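Here chain A shows up in two complexes: once beside chain B, once beside chain C.
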Partner chain A sequence: MTTTSLPASLDDVTATAARESADFTPRYWLFSLPAVLVIAAVIVFPWIYTLFMSLQDWKIGGGSEFVGLGNFMDLAKDQRFVESMGHTVYFTVLAVVLPIVFGTAAALVFHREFPARGLLRTIFIMPMMATPVAVALVWTMMFHPQLGVLNYLLSLVGIGPSAWVYDPGTVIPTLVMVEVWHWTPLVMLIVLGGLAGLPKEPYESALIDGANDWHMFRHITLPLVWPFIMVAIVIRTIDALKAFDTIFVITQGGPGTASETMNIFLYLQAFQFYKIGYASAVVVIFFIIIIMLSLLLLYARQKSKWNA
Partner chain B sequence: MNRIAKKVGFWLSVFVLVSPAVLVFLWMISLSLKNELDNTAFPPVFIPNPPTLANYVDVFAKNNFALYLWNSILVTGGAVLFGLLVGVPAGYGIARGKAHKFAVLILVARMTPALSYLIPLFLLFQITGLVGSITALVITHLVITIPIIVWIMIGYFENVPMELEDASRIDGATTWQAFRHVALPLAKPGIVVGGILAFIFSWNNFIFSVVLGGKASRTLPSAVYNSLTFEQISWGPLAAAALLVTLPVLLVTVIAQRQIVAGLSAGGLKDG
Partner chain C sequence: MTDHLLKPTRRVLLAGGTAAIAAPLVLRKAQAQGAFDWKKFSGQSIDVLLVKNPRSDLMQQAEKEFTELTGIKVSSEQVPEQQQRQKAVIEFASGKPSFDVSGISLHVQKRMAAKGKWFENLDPFIKNAALTAPDFDFADFGAGPVAYARQADGALDTVPFFVDYWIVYYNKELFEAKGVAYPKSMDEMFTAAQKLHDPAKGIAGFVSRGLKNANVPVWTSLMLGQGVETVTPDGKLATDTPEAIWAAELYKKLNKETGPVGSVGFNWNECQTTFMQGRAAMWLDGVGFATPLEDPTKSRIVGKVGYGITPPGPKAHHAGMFADGMGISRGSSKKEAAWLYIQFMTNKKNQLAMLKAGAGAPGRSSAYLDKATIEASKFGKQYFDCLLGSAKIARAGLPQIVPVTEFRDVFGVALTNAIGGADVAAELKKATETFAPVLAKSEQG
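Moving on to the complex of A and B:
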């Protein structure tokens, strides 16, 4: 087609290039316009409005009054909120470290070739896709202190029954267990993506040097996939901070307030006590943490040269 | 000898990795196929004998399950379709216009907890009288579907070579035609991936429907949760309902495993 009038099209190319630099952005912005409008309405407007609400003493049914940073001051003094932050940190640390360790180990396993790998990998990633509420209901039944299957399985290997989510001391580790079950597959997939791109040469020369498996993992594999593990760590941190569905369904923050994380605290303040302004202040704090972690994620992704 | 030991060790680790997933799902199936007596027996009955479908019949007969299923289909279907309609061109616009700042905004939106959108949207829907309507839920689920679709489409359009569109424009195509007839067909795998992930995350969403859904408009996850709190707990029907809720998602996972893996490693991340 273009070969019939070569000189003309060459002119066109330069013309296009000139136009390109002139109105490159406006031309393509039109494609984004509908999404921009929708995002402004359902995403950006809530952000700004939340910021506005966080500065008000606002109860549903009551009036609202401007209190400046009053809500944030109150939060700092609110024992229940401070404790909920402690629970969030405890939960998050465990719910990041354990999936990273297990997920990396799983990636090393699934990186190898073995029979039925595809099928087993599909089974392995199923927890990640399953509806959290549905799974949480089954866990709740499994945690039942008298009739639950978990205590029975423990008794088979000679371990006494656990109170699981019914004891303030074990409730957070138990919820972490559910989170680990849910999200280890995501870490596995991310690290597996890193392993797929590894060069072969270092391993060949290491073998010649007589290195064993552990040495090769420690000194070749781990440094090379580390950027991917970093990405996984940031994503896990954000997701662990966001954890809500399973905690809400299984314990609703209980027993007492023993598993009340920031998320649960925020939900209860907003939709049980209707303290909209107060809850919005929690959202703002949350949002600042998420933005910082998102920027960290962008940085980590760039380092992993992880092309979409 | 050493090689055999290694092989046994390897398969043992595969077994350890896969068994938690297998255990939970099998137990879910087992609970759903047993009568109430066996479900509350101790030591637990593992294999339903004889298996019964009574729990599934129960779910449909007593709980308006069909209505909630239809609600879920409407909400997720609406949010995914509308998300694709505005999200795919947006991904193209951002990729070609190199609107990196907008891309960061999308990422932050993707990372923000769903919970944090609830208060302002709840107030908004209260003012407009939409609380408890399917429309309100569809609009809210756009918070989930649009960012993931846009984010994935950016990646796919960036990988469509610009030269092809340039060539078509030399032949007189407008920017729209270049998008519609050149870039869009080439990015079709991305549309599939984005659509599937948006479907899964929207289907699984729980909290929006808990707060914004009415008795007649709630979606499956919150409907099943409500049956837990308001009725005498009976494990069989609950397990059957839970299984039915998550079944569509698990089927999609099995069928479209390759696309899902591709999408998640392309940075689809997860939702929450």
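Moving on to the complex of A and C:
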């Protein structure tokens, strides 16, 4: 049995209506205050402080002096910094494109039914689960020009030894090879997820129209799965841009400065030379680059949506 | 005997009298040794920052004994070298480091420590009989390491407990097979390397660090053969002088013409592996890397390793010296307890333990004279002769300036480029021009 409470008087009805129509928004704002404070403390303040430091000539253990845009001007003239930007672009392009190509190809393979598919797919994604520093240490041993297993394997098929990461000309492609090995499975998983959700009807129609496998891939699969590939591109680009651990462990930016990316350059300035002001200026430039690139990628992703 | 007592001669009486006069002195000394109060600061706790290495392992093993002796509790942490240096810089700069004792690399942070006033001057502690055990015997520390640890104003910031002399490890078997004698000069070192270089068999005549930053001590060690260092006593760069170019040319020839493929990216560990696997005839590096060479589970050249003093150069004969020291944080509130810790960890027994364990060359001279240790050692007499011989001709391997790391970075790149075929003089000139303002600024600030 249910009971319905009736308003005792007209005043009660008026009061209830007034309560319902009242604007409580200012009070709700209070509930968001803790989150705002946390974000301000851990995100906004460090950024403002980094920006402030980028305008100072400050070295740990010494005094600081306001230099305005001096650090940025010095960076523009610093040949090593300019080179490090070039190395970053070179590394990032290769470390995005190759895993995307191989990961998409692997996803197409694993999308088909064949014996032991589950087992092989599990083996394929194993590199992704390894710790980057541990991976880097293992690859370092494998790259040793005289004692590494890679040159031994090359010798078995009659190919001469390579200097791998010990040669300025081959160091970045070799580092990219480690990235490809490590992160192609991630791309494969993302694209595989996209393939699993594709409708069957377009393929059936295409078959009736006499399309071959390539036609179906080029004109049906690729356009439909492209939004997922764009997600993979965004993730890979961010990862490749911020790559540090693998490069630092394997080459420390060497030989010479041949693999010195912006991150390695930044690390050297901040934690080896303790030039905090100069390093902060690098961070600001790096941040601007990442923001611009992210906006570009998000725009591209938006354009690639099915309903766009 | 009885006759002597009943009818003492003048000589016996004289001897007895001397003994009677000397007895209180001897007794006082004995009492002083026995009376040193190690428990004076019992109940205190100290924090210690160490670099991760076998020497720190030994110190941590000795902490229990130290606590039993003094009643002082120790909380120590080992941090990998690069990170330990960063931690030390940041914490000392804060003015309130979280540790009472810290180890530092003198060849990297000595001047930085002086400039930042990181450590207490230890001289007053050493001279204070109430704080220093009579058997500590600071005079036992080698003159070279002590001079290295002293700052320009004469203050002794740290006790130099570990010294690394640069020596030439050589493969005796490869030398004998080609009938090559150990080089008597740096120039001969190159000719010997040429004779021993056999790429067809995968054997390099010489191996040394090529990786930037790590490679600089190789160049500076060769430059000592010209009797000069990279920074003059009055603080000027001598890095593009004919002597510097000569040393860099030799470095380039040794690595490019007689080194293994890829040595441009080698740090000490790649060099060690290459040498240990019998793939290099000579390796110029610190004596502290000897231990695995005589370990049958890791090395293929056990018993075949020769330990040679760095050969003389055209004008001088020196061995590059690098050292670690341990000091008391100026911001510590437990300085006396911290001094007892340093004193204990660098006493004769523990310094000898370092040598016995093959954990490095101690700063104390007495350790090298312990015959039992030498006989029991797996390294053999030649190793110890090399150590002692190097100690006699040791000279700072890196400039004693504040921005040592930047120095190593800038000139390291120049040396790497040189191995790659670049013109040595041009590279050194460019590096000197790049580094000169950094040095000038560091001296002003």
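Brief remarks on what is shown
Throughout what follows, the second predicted complex is superposed on the first by the 247 of 308 C-alpha atoms of A that agree within 3 Å, B and C clash if a C-alpha of one lies under 4 Å from a C-alpha of the other, contacts with A are read in each partner's own complex, and residues count from 1 in each chain.
Assume contacts are C-beta pairs under 8 Å (C-beta built on N, C-alpha and C of every residue); 3 or more make two chains touch, one makes a residue touch a chain.
Quantities reported herein were computed from a predicted structural model and do not represent experimental measurements.
By the touch criterion defined above, A:257 lies against chain C but remains apart from chain B after alignment on the C-alpha atoms of chain A.
In the superposition on chain A, contact is made by A:147 with both chain B and chain C.
After overlaying the two complexes on the shared chain, residue contacts for A:161 are found with chain C alone; chain B is out of touch. In the overlay built on the shared chain, the residue A:62 is in contact with chain C alone; chain B does not reach it. Greater residue coverage of chain A by touch, when chain B is weighed against chain C, goes to B. By the document's definition of touching, neither partner reaches A:214: not chain B, not chain C.
Of the two partner chains placed around the shared chain by superposition, chain C is the only one that A:272 touches, whereas chain B remains out of contact. Judged by the document's definition of touching, chain A residues 146-147, 271 lie at the interface with chain B and also at the interface with chain C.
For chain A in complex with chain B, the touching residues are 1-2, 9, 12-13, 16, 24-25, 27-36, 38-39, 42-47, 49-50, 53, 102, 105-106, 109, 112, 114, 118, 120-135, 137-142, 146-147, 149, 152, 181, 183, 186, 189-190, 192-193, 235, 238-239, 241-245, 248-249, 263, 266-267, 270-271, 276, 279-280, 283, 286-287, 290-291, 293-294, 297-298, 301, 306-308. For chain C in complex with chain A, the touching residues are 82, 86, 89-90, 92-93, 112, 115-116, 202, 210-213, 260-266, 270, 273-274, 277, 279, 403, 405-406, 409, 413, 416-417, 420, 445. For chain B in complex with chain A, the touching residues are 10, 13-14, 17-18, 20-22, 24-25, 27-28, 31, 40-44, 85-87, 89-90, 92-94, 96-99, 102, 104-109, 111-123, 139-140, 142-143, 146-147, 150, 152, 154-156, 158-159, 166-167, 169-171, 175, 179, 200, 203-204, 206-207, 211, 220-222, 224-225, 228, 235, 238-239, 242-243, 245-246, 249-250, 252-254, 257, 260-261, 264-267, 269-270, 272.
Chain A contributes residues 59-63, 144-147, 161, 163-168, 171, 251-257, 268, 271-274 to its touches with chain C in the complex.
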